[in-house]
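Here come two complexes built around chain A, the first alongside chain B, the second alongside chain C.
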Partner chain A sequence: MFKAIVSADTLKTTLDSVSVLVDECKIHLEEDGLEIRAVDPANVGMVDLSLSADAFESYEADGGLIGVNLSRLEDIAGMADAGQLVSLELDEETRKLHIQIDGLEYTLTLIDPDSIRQEPDIPDLDLAAEVVVEGKDINRAVKAADMVSDHIALGVDGSNETFYIDAEGDADDVHLELDRDDLIDLSAADAHSLFSLDYLKDMDKAIPKDAEVTMELGEEFPVKMHFDIAEGMGHVTFMLAPRIQSN
Partner chain B sequence: MEFAAFADRARAIEETDADLAVVAAVADLFAAADDDLETLARFVQGRAFPAWDDRKLDVGPSLCHEALARAAGPNVTAGDVEDRLADVGEIGAVAASLDLDGQQGLSAFGAGGGDDLTVADVHEAFVAIATATGSGSAGAKEDHLFGLFNRASPAEARFVARLVLGEMRIGVGDGTVRDAIAAAFLADDDRVETGAETEGDDEGAQLTLSELGESADGAGEVEEDVEAVDEDAEAVDEDAAEVFERPSADAVAAVERALQVSNDAGRVATVARDAGRDGLSDVHLEVGRPVGAMLAQAGTITDAVEAWDAVAVETKYDGARVQVHHDPDGDTRLFSRNMEDVTDALPELVEFVADRVDIPVVLDGEALAVDDDGDPLPFQRVLERFRRKHDVARARESVAMELRAFDCLHHDGEDLLDAPFTERQARLEAVLSEGVSESFVTTDADEIGEFEATVLDAGHEGIMLKDPESTYSAGKRGKEWLKRKPDVETLDVVVTGAEWGEGRRANVFGTFEVGVRVPESTNASADASEYATVGKVATGITDAELDALTERLREHVATEDGQTVRFEPAVVFEVGYEEIQASPTYDSGYALRFPRYVAVREDKAPADADSLERVDRLAEN
Partner chain C sequence: MRLDDYIDGLEPDEDARRRRLAKEKSYEVTEYLEDFERAFEESVQGGDLFGSTSPSVFVGRSGYPDVSTGLLSPVAGDVDPESLVTDASWYGAVGIDDVVQRRSSLLNSNRRADVRDAGSLSGSESVHDAWNGFLGTQREVAIAGDPVDVEIGLDGTPELDLSGGEISAPRGPRARANRAELAENPYVPRPVKKTLEDDDWQAEGAMTYLYRRGFDVYEINNILSAGALGRGENRRLVPTRWSITAVDDTVGQFLRGQLRGTQSIDQVEVHENEFMGNRYWVVLAPGKWEFELVEMKAPGSIWNQGQGEVWMGAASEGFEGRSGYVDETAGAYYASRLGVLEHLAERGRQAKCLVLREVSDDYWAPVGVWQVRESVRNAFDDEPGEAEDFATAVRAIEPHLPVSTNRLRRKSSMVSGLQSSLADWT
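Our next item is the complex of A and B:
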C-alpha cells in the first residue's frame, strides 16, 4: 500500500538527486518515508537518499518496493507548477503508479525491481578531513575546473587549514582556495583526491545552491557529500570514487 | 565466466593461425562456458545478439571513441583516440593501450556493486545499450559504454571495443563456430561424459591452445563449408590432428542444419550441449523468426544448361527481397534479406497473404512496385516503400507494392529447406494461386532465351536459373541459383569518401569515392582497409538527392581533411557504368568508366556490397 501527496518542488528535487546517476531506480516505500540507493553503471558514483514522511502533505506506506523509470517520472513531475501538489497512489494489482496533478491523471507502468541494478552497499569510510561549504561554492569550483579540464582535484591542506581545488588542463590551470573564514566549518587534515568532472558536474546539478554541504575527503579516497533537501526533511549522500594518478 | 577469462582466450585464438587449432580453442571455450554459452557463441563472431533479433547495439565509431576517451583519464579527447586509431589501425589495440585503470570503482572501497566484469555483465550492458531509444539515447548509450570501459582492464577493453563495433576479427567464421559446437558437444558418447565431469576444468582431455598454436601450421583462413574443412585435413600438422578429435562429418552436418533453420549459434550451441543430436534434430524453423536468404551467383544460360539435367527458369524482378512469415493464429511478418523486420512498411503484402493463406507458412519472394496497369516500376520506387517508418499510408497511395513469391521454406508444420526446388515449388503453388513468380522447367536453351527476351520487354530485370533438384541453402550464395541480367551492368559499391562541392554546391558533397569489398575481410589478418576504391561518382544525382545524401552521410564521417572526407562504411550505392578498365589510379587496380549514381541500396549493408573478386570476373569478360 502506498498513497501520498507531495509538493511538486520536493518531488522534483528528490528525483533530480537520483537521476543524475541512474535512469532507473528502486524506491523503498517505508512507513516513515522513502529511501533510495543507487549506483551508476560504471560503479563510480553512488547516491543514498531518504525523504521523511514529514516532507509530504500526507503519506501512507507499509514497506513496499517499486522500480521506476526516473526520466519518465521527472517528465510527469515537470507538468506541475512550482506550488502544485502531486498525488501518488500505487495500484498493487496492476503494479502501476497513478499520478494526479490537478485534473491531469497519469498511469505509470512500473519496472520490475529485480530487473534493476542491485543497490549498492554503503561503506563506512574513515575520511580524515571534513569541510562544510555552501552549495554555490561547489558550483563555482566545478565551473572553474570545467573551463580547463575534465578532472578535478579536491584537497585539504591540514597545516594551512584550507580547502582547495586544482584542475590541470593541457595548457591552462585553475586553482581555487577557501580558508576557514570562507567555509562554514572545517576539520583539517591532509587530503587530496582526483575526480571525474563528468560525475561531479552531474552531482553539482542536484545540490541546491543554498544547501550546506558536508564534504568528507581522504588521500586518494572517495569523496562523500551530504546535504539536506525538502527543508531538512530529506537527506542526500553522494559518494564518488577517485581516479588514481598513475604518474 | 569472467570477461577477463574470455578476453584471454579470444586473444589466444586471435594469435592462432591453423584452422583446426582455432576450432579446438573455440570448442574448448564453449565447453567451459557454462551459463554463458549462448552469449559466447555469439561473441566469438562479434555478435551481440542473434542475427534474427531486432535488437541492435547501434553504436557508431564516434560514440565508442567518446566513451573510450572519457574512461581514459584526464583530458583525453575522442580526437586523441582517433589519432591513436590512425596510428594503430585497430580499435581493440587502441582500447588496450589506454590508461583505463585509473578511475577507481566504489567497490575498491567496500562500496557499490561488484567490480569484476563478467560475460553476463557485458551482455547485460549490451541489452541496455540496444534498448536505449528516443531522445537522449546517444547519451545513455555512451554512459553504459563508459561504464563498461571503466570497469574493464586493458586486456578486456580490447574485446569490449571490438564487440561494440561488431568487428571481433579473431579469425572465427561461421564454419569455425559450427565445427567447434560439434567438437565440443557431439563427440562420441564416452567423450561427452568425460567432458561433463571435467566441465570448467582446463586440464581436460583436450589439447591446450599454446601447444596447438606452436605445432600447427596453415593459412588461418576462415572456413566456409564442410568440404573445405575435410580437404584441409592433410594440411594440418599431424600431431595436432592426432590429439584434437575432429568432429565427424555427421555431427557437423547436424549442427549446420540447426544453424540454418534457427540462425542462432547461441541457441544451437546450448541445445547441442544440453540435448545432443536428438535435441538438434528438434530445432526447426520458427514462423516469425527469419532465416538467411539463399543467394544467387551471376551466371549464363549456357552455364545452367551445362551444369544441370534441367533448368528451372523464373523472372528476376527488380524488387526487394522479402521473407514472409505467416501464422494464421498470430501475425504475418515480413523480413528483408538482412533479416530486418519490414512488416509495417508493406501493409498490402501482409493483407495479401493473410487474406489467402490459412496455414502457417514461410515464403521467400520479392516485393515489387507496380503501376496502375500492374507493370513493374523501377527499383527506386520500391525504395520509397521499403523500410519506411513514417507516412506509410500516404506512400502506399503513391506506389503500390505486390508480392512475387518464389519459394516455400515451411508449409504447415513441415520444414522444406531440405526438399528439392520442385517440391517446394509445388507447395508454394498449393498455398498461393496468385502473387507467385511463374516458373517452368526445361532443357532447351533457346526456350530460356526466348523467355528472357519476353521478360526484359515487360520491364523486368532479368531471369533466374535454378537447379530443380537443389535444396534451400539458407544464407548461402551457391552455384544452384544463377541470376542472368542483361549486359548493362551495375555494381553495388560502398561509399568510402567524398569531396565537398564548390560554389553553389559548397555545402553538399560533390564527388563520392566508392569501393568494393576485399574478400576475406573477415579474416583477422586482413588490414583495416576492407574496401578497394573503384572510382568516383559525381553524375546522375539530383540536387534533392544530393541534399539527402549529404545529410545522411554526415553521420558517418570518420575523418575530414580540407575538401576531403572519409566515411565509415555504412551506405551502399548502386552505380551504373559503361565498362571496367584496368587502371593504376585506384587501389583496386580498376576504374569504372563513366560511373553514374543509380540509387542507394537500402536493402544492402556494406558487407553485402559487390566484391573485388566480382570486379575481377567482370573485367575479364
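Our next item is the complex of A and C:
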C-alpha cells in the first residue's frame, strides 16, 4: 500500500538527485518515508537518498518496493507548477502508479524491480578530511575546471587548513582555494583525489546552490558528499570513485 | 614478456630504417601519371569509357547535401580492379607511394546529386528507389560482391589534380559522367540483399548484421555510402569520409556492448606496432572499459606542416561511451577503437585501453584512416610486454615518445588517472 501527497518541488528535487546517475531505480516505500539507493552502470557514482514521511503533505506506506523509469516520472512531475501538489497512489494489482496533478491524471506503468540493476553495497570509507561548503562553491569550481580539463583534483591541505580544487588542462590551469573563513566547517587532514568531471558535473546539477554540503575526502579515495533536501526532511549522499594516479 | 625486454626488442636498425624511408619517398607517382594519361586516351572512345570494371564508389562531402557521387574504375585494362580497393589486405603490403599510386589509378567518373534524390536521371524518387540511371548503377557496384563491368559516358577529359591544396587522402583523376550502365549482372551476397530488401531496418542494425555475417567495415562502408542501408525514407547517399566513421563507430558500439558484462583482463599489456611512418603503443590495463586515443604529430608530418612543436590531440570515453564528436582526433579515434574492441571481443574480456599514436615526419601523404585501423588491428599479433601496473607501463614508454611526460599527462585523461570503481572499496 502506498498513497502520498507531496509538493512538486520536493518530488522534483528528489528525482533529480537520482536521475543524474541512473535511468531507472528501485524505490523503497517504508513506513517512515522513501529510500532510494542506486549506482551507475560503471559502478563509479552512487546515490543514497532518504525522504522522510514528514516531507510529504500526507504519507501512507507499508514497506513495498517499486521500480520506476525516472525520466518518465520526471516528465510527469515537470507538468506541475512549483507550488502545486502531486498525489501518488500505487495500484497493487495492476502494478501501476496513479499520479494526479490538479485534475491531470497519469497512470505510470512500473518496472519489475528485479529487472533493475542490483542496489550497491555502500563502501565502508574512513575519510580523514571533512569540509562543509556551500553548493554554489562546488558549482563554481566544477564550472571553472570544466573549461580546462575533463578531470578535477579535490584536496585538503592539513597544515594550511585549506580546501582546494585543481584542474590541469593541456594549456591552462584552474586553482581554487578556500580557507577556514570561506568554509562553513573544516576538519583538516591531508587529502587529495582526482575525479572525473563528467560525473561531478552531473552530481553538481543535483546539489542545490544554497545547500550546505559536507564533503569527506581521503588520499586517492572516493569522495562522499552529503546534503539535505526538502527543508531538512530529506537527505542525499553521493559517492564518487576517484581516478587513480599511482598505479 | 617483461616490458623492458619487449621494448628493447623493438629498437629498429636506424640506418636500415632511413634507407627504407628514402626509398618509400621516391616520387614514382609523377611518372605513373604519364602512363595513366596514355592509358586513358586508349580506353576512351567518343567520350565513352568501355571495358571498365568498377570495384568501388566514392561520395564527396563538399556542398552537402548536393554532393559529387562517382564510380571508381581503373583506366588501364591490365590491373586487377580488386587490388585497387582499400581493405585490410593492404596492411603490411603497401607503402605510402603504393597507396598514392593505387588511388591515382582509379578514375572517379562522377556527377552531382542531392543525397536524398536520384536527380534528373531517374525523376524525383528518393535514393532508396533509385535502381535506374547513374545512381542505380553506382548502387549496384557498391553492393556487388565483386567488381562490376560498367560503361560510362563522360563529358570531356579527366582532371588530374594530385597537387591538392587541401589536405586529403590522395585522390585519383576525376571526370564528369553523364551516364553509367551495367555491362553485366552483378553478384550480390545474400546478407547484403537481405539488408537492402528490408527497408524497415535501421542503418545501425543493418551495419551490425553485415559485420556479424563476416563483412569487413570496408565493404559495409561502400554499401552505406551508396545509400543502400537504413529505413526506406531515411536512405541517403553518405559522403565516403563520414560513412567510414559511421561504420567504425557503429560496429565499435556493438562490440563494446558485447563486452559490457565480461571479465577484465588480468594484467597490464603493452603492444607496439609501426606502419607507414606511424607508431602505435596500445596499453591495456585491467578494469572496466575506458578508452583514449592520444595523437602526437611531428612537425613536418602531413597534418602538422609547420615548424615547431609536436601537435597533440586526444579524445576519450568512459564505460558508457561518449556523446560528443571527437574534434581533435576525428576518424582515427573510431578506427583505433574498433581495432582494440575487435581484439578484446576475440578474447571475451574487457579492459582499459590507451592508444598512443606518434606520426613521424616520414608520413608525407595522408593515406586514409584505414592505416590507423589496420595498424591497431595488427598490433596484437605478437606476445605483449607485461607491466606491473598502468603507471609503470606508461613510464617505460615515455622515453620513446616525442613529448615530455608532463605534456602527456596534461593531455591524456588516462595518464592523469584511471577511473576506479566503488567496488574497490567494498
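The rule is simple: the second predicted complex is superposed on the first by the 245 of 247 C-alpha atoms of A that agree within 3 Å, B and C clash if a C-alpha of one lies under 4 Å from a C-alpha of the other, contacts with A are read in each partner's own complex, and residues count from 1 in each chain.
The criterion applied here is as follows: a residue touches a chain if its C-beta (ideal position, glycine included) is under 8 Å from a C-beta of that chain, and two chains touch if they have at least 3 such contacts.
Computed from a predicted structure; not experimentally measured.
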{"item": "Side-by-side fit of chain B and chain C on chain A, or clash", "value": "clash"}
{"item": "Which superposed partner A:Gln118 touches (first chain B, second chain C, both, neither)", "value": "first"}
{"item": "Partner chain(s) touched by A:Pro222 [first = chain B, second = chain C, both, neither]", "value": "both"}
{"item": "Which of chain B and chain C A:Glu168 touches, first, second, both or neither", "value": "both"}
{"item": "Chain B versus chain C as contact partner of A:Leu154, first or second or both or neither", "value": "neither"}
{"item": "First (chain B), second (chain C), both or neither touched by A:Ile244", "value": "both"}
{"item": "First, second, both or neither for A:Val131, with chain B first and chain C second", "value": "neither"}
{"item": "First, second, both or neither for A:Asp23, with chain B first and chain C second", "value": "first"}
{"item": "First, second, both or neither for A:Val44, with chain B first and chain C second", "value": "both"}
{"item": "Touched partner set for A:Asp198, first chain B, second chain C, both or neither", "value": "both"}
{"item": "Clash-bearing segment of chain B relative to chain C, given 23-31, 95-103, 419-427 or 437-445", "value": "95-103"}
{"item": "Residues of chain A contacting chain B in one complex and chain C in the other", "value": "39-46, 120-125, 150-151, 168-170, 194, 196, 198, 221-222, 239, 241-246"}
{"item": "Complex contact set, residues of chain A against chain C", "value": "39-46, 120-125, 150-151, 168-170, 194, 196, 198, 221-222, 239, 241-247"}
{"item": "Touching residues (chain side chain B, partner chain A) in the complex", "value": "70, 73-75, 99, 101-115, 125, 128, 136, 140, 143-144, 146-148, 150-151"}
{"item": "Touch list for chain C against partner chain A, complex", "value": "260, 288, 312, 314, 316, 318-320, 388-392, 407, 410-411, 413, 416-426"}
{"item": "Chain A residues within the chain B interface of the complex", "value": "23, 39-46, 71, 117-118, 120-125, 149-151, 168-170, 194, 196, 198, 221-222, 239, 241-246"}
